[in-house]
């Protein structure tokens, strides 16, 4: 049995790799069929991720909110909840952090954490409502979170328009003391928008991992996610854990918004639609098997492909939608890993 | 000699295990054939092969002498093979009739002809004495009734070879008697039956022959009339088994649990426990006997804090438990082996180790300042796995991968290890093989001897009689009698459980 | 006028001391634009901008893809990387289409001083409210164009009730609204004007419901500045027109005659307020090629440059209205009428009318 | 505006706005009743809208016109919708993928693929406008009924009635036919169904493909009635609203119908409300969010617990429990 372990490990690593390969491979076929040169296309894409510190910086910048949105989804998922409301939680987090960034004038050591915390709190509040309704009235969290997304979008726009608007259809820029952006990181990456947010995101990964796997609360949350009856039997407060889970999940989402508000943009615009980050977060979480490390890797894949796609468009003329197709295929193949394993086992058996 | 079923040299593998290794089983027409073996011996697997749910790696199946390939249940149905599964295959939200006709519905203008179907169901049920309400929903009827539906399903499809996988594990003694009657009617009608059960008494009572398997291997087939329980048990386990529980007389001390005037509602809002009174002393095992559905489960859940008490009090060492959350109840010193181990007892996807600390994870040494201490947790788990002989590859194995018996041992280990003043054991041996039962009974008695109070709820009268010191009989939400275990018998208990005279109970006390 | 492709004239820089502000041989000139999320076929300003850029490119003989090109943005997040990609590729002029790109352009302008950037629909200012020397700011007097379609609406409404549907409320869209209202009031002081914002630029369903409500209340002409949401206006108008109702829609940005077509060549599009982003893009691109990069300038294109106005399809517009349009055009150009842009200016304007 | 006029505005609009949601929710119902979660409804609608517009444009390009074009567009959308749903079916049934993951992948794929194809076909990111749309009309006879006629039957979209009728038919199919019984049994207890000789995976394939067919129709109806062209933003969120309607309606066809009508009504009220004198002073944002707040309140207040099919979300693996 123990002899088999390394092989098993190899298998579990190779499956996602094969999935990525298959997604890219079918993407190549699609390019070929539609008259693009896949080699040109992909090399432009890869160059658009790695060829320059600028691209790397942008990729990491892109990963930052993706990681946090992914953690939000993953965290709720661990407690058996599907949080489709990351989008809305992210919007209110963005707004709250920017508000604190504008409204206060404090030393950075205070101001920045306060602004991030404001984002987390706003997101947590937005997650609290579906959590509460789920716990108290058994209302399905999927509907409530979908509705909360729209409420967040329209409310945030109305607040910006009524109280925070400046020319350019956005809020004022935040005070420097609340900003995550860093001339140092920018100069390092040839003026990419890379900001300190990625440290926050990595920290959040550690926090998520720590909460879930190292604390008694995390133990409870996982138990509730897997078997509510047994958790209640064991003396855990199921309702409170459901609420807590949505609260924390929303908190992560709110911080994702804060990353946009305090890092990438430094303000918040009136949004004419959803940012899409929340939905990407679902894919990232599931692709990353709801683990912290998985979320980081999946975010890198997503972020890299998205940033690389820009270069693919500009240098090889391949529409950026191709990347969306490739991403969809990769998710498909990762999800279908059963079949990949099955084929691999088949092949192995024949070898013997 | 012609057999209706011949399974010759069947081999069935699962990843990493050979569940059936060269097993042969032959069924004669009109016989009730027992299939006996420990938990995990491969009985269900063998029957699933016969029913077409699994494909064997090797071996052949003959039906009425003809070689057949049973690749799915449809083919089994067509060959006249029906199976009543260990875990019921019923859709809770459907009616009895819908469950029976599903997949084979009579129609009228393309619509399911429920009227006609119900009529047919009624006709069959009357013919075999399986009375059911064709329009009742499965979730609303008793387990015994559900089993009848399972049997009707096979009969509706014209099965003449019936497989019963542990049908009696979930039944009350009354229901078991009824089932035995039904089986006898069925064979009288010319049907043949394969019966899986862990209860040797039942085999002796109804079966003609018995095939024994152990760890996936066939041990042999014997005529029931030429054997006895001890021999069967020995064949199955591979050693002598002691049925009579060894125990010294109880030495009861002060009262640990006293329940007064307790009233509890069931999930439908009806009073299930009505003004119940009961006292249990340290150092004794009180059996809670009763026909299923007389409020035993609600009573136990109320003690454990899982169900709200409407009225009355439950005192543990003179401390009120009513109104406390389950956590506080546990901390007060109550241990609880729950009735439904999958629903309440375990988080199946957690490792055994994590399950071992299900109630104590927040206490030292398993955690410190809300941070878990995994080394301590797994150390504890390893210790208990050894102490309680839980058969598992390791303490890191998910609970799901263990057999029912070993899951149960893990739960008992956890509850006993917390040294509760009072231990509730609800149906602790349901579905377990004799070896496992033996070890669990020993545990309960040793807990008693350590001075704990034990409440043993069981639908098995044998178990109640053998293990308890006193027996409280519950009927319609009340304790109608308390008798000394060594001064009563199955017959008297059966009477009391059916609502028999209280005077008689008084005498026994 | 632009020189023809192969024989591009070589006009030396006429004064700029910045080395980048030199005329480039046409064959070497590289100009590029970054679209908003809508893309170059949004039937709106992105498309218009690309048409202008393509026309310019073809005229001076640039090659598409190298000489002139565009990059599309999938989300707001892409503006900056797209713009930067182009700047890094040493494009001689990089356009950001749409006011949403303001911040991205500003960032790049601050970092890459020798870049030549241009933005449409907004003015990029620094902290001291000064423009940047390396950004050309192209804006339009949408209010003036909207005024003219307002005049048409005011004259042609039969029930003295007209409507305006905005996309997402913003300063820019307010210019459309107020210009339109002023135009209506100028010719028809009694007219009532219904205004509603959809809070979305791509919710056609909402657009049609708003239009439905407005028409049902008796408005017979509705003007929209709502992008894809405006699709719903045309849907609703066509539905009603087919039922024999006398209702009209006024398009925006380009000639939206096609959107309103139904039956045999009829169209519910009364007229459209066109905004010639193409003209502006071509003009500025050419200036830049010739070494006249208007960096730091605020270029406001209006009636005078024919950069805003009514669409060429005028089948549905009455003679009276057409001549009134000409009349008001003159008055606006001569400064007799100052068209309001904001709500406050509109209030003032109304007071002035009385 | 008097009350009659408001009703006359709001009710037809509600029914009209509900139609695509009803159709798509019914699609989701087939899939989820069979035990397959379908978060991919959004993507399936995208596919339907795309197909309807492309088909119409192509036929128009061939010089065709009239109702036959629309009919063809609808039929082809249904076909493509169900074909495309195979992506979800193969992944989640045969390949035992997590059903939520595969639904999410389907959404990504639908948007990416359709816009990509539009670019290939037309060299731009959105299509032209179609000229053959579905228009409103009066229902003969019924529209003459006083009071009710103008509210429900005059100048209405035929597709709305088709959607409502389909909801009733689906209700009947699900609860009264052998097919419905089998479909539900597969979603509740697949192993029980299997032992009764019902082919679980085949039923699930059928369920998912029906969801593709219905959601494809829903998307097509949306495109043909409302937008008249196709772009990446034609369908934004309608699929998720349909999913919400399905859950709100407790996986019951009539419930989903009611929920979709409720959304439609709330939506229509919030839009029309801004022009009702009584409400015109309310800040628009309150009216904008009203439908969503109302839904949440309704859920918390009256609807409460919604329990889906028992075996939903789990791939069926023979012999496991």
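We just call them A, B, C and D in the order they show up, numbering each chain from 1.
The rule is simple: contacts are C-beta pairs under 8 Å (C-beta built on N, C-alpha and C of every residue); 3 or more make two chains touch, one makes a residue touch a chain.
Everything quoted here is computed from the prediction, not taken from an experiment.
Between A-D and B-D, more contacting C-beta pairs join the chains of A-D. Averaged Cα coordinates give subunit A a centre that lies 28 Å from the centre of subunit D.
In terms of their C-alpha centroids, the spacing between subunit B and subunit C amounts to 77 Å.
In terms of their C-alpha centroids, the spacing between subunit B and subunit D amounts to 46 Å. Separating the CA-averaged centres of subunit A and subunit C is a span of 36 Å. In subunit A, 154, 157, 273, 319 are the positions where the chain touches two or more neighbouring chains simultaneously.
Under the contact definition stated at the top, the residues of subunit D that touch 2 or more other chains are 233, 236, 284, 288.
The chain pairs satisfying the stated touch condition come to A-B, A-C, A-D, B-D, C-D. For subunit C in complex with subunit A, the residues that touch the partner chain are 65, 69, 71-72, 74-78, 80-82, 84-86, 88-89, 99-100, 102-103, 107-108, 111-112, 122, 167-172, 199-202.
The touching residues of subunit A, when paired with subunit B in their complex, are 1, 213-220, 222-223, 226-227, 229-237.
Note for the complex: subunit D touches subunit A at residues 87, 91-92, 94-98, 100-102, 104-109, 111-113, 115-116, 119-120, 232-233, 236-237, 240-241, 243-244, 247-248, 283-285, 288-289, 292-293, 295-296, 299-300, 303-306.
Touching subunit B in their complex are the following residues of subunit D: 176-178, 181-182, 184-185, 188-189, 191-198, 310, 318-319, 321. Per the touch definition, subunit B reaches subunit D in the complex via residues 48, 51, 53-54, 72-74, 77, 83, 85, 87-94, 98-99, 102-105, 107, 110-112, 153.
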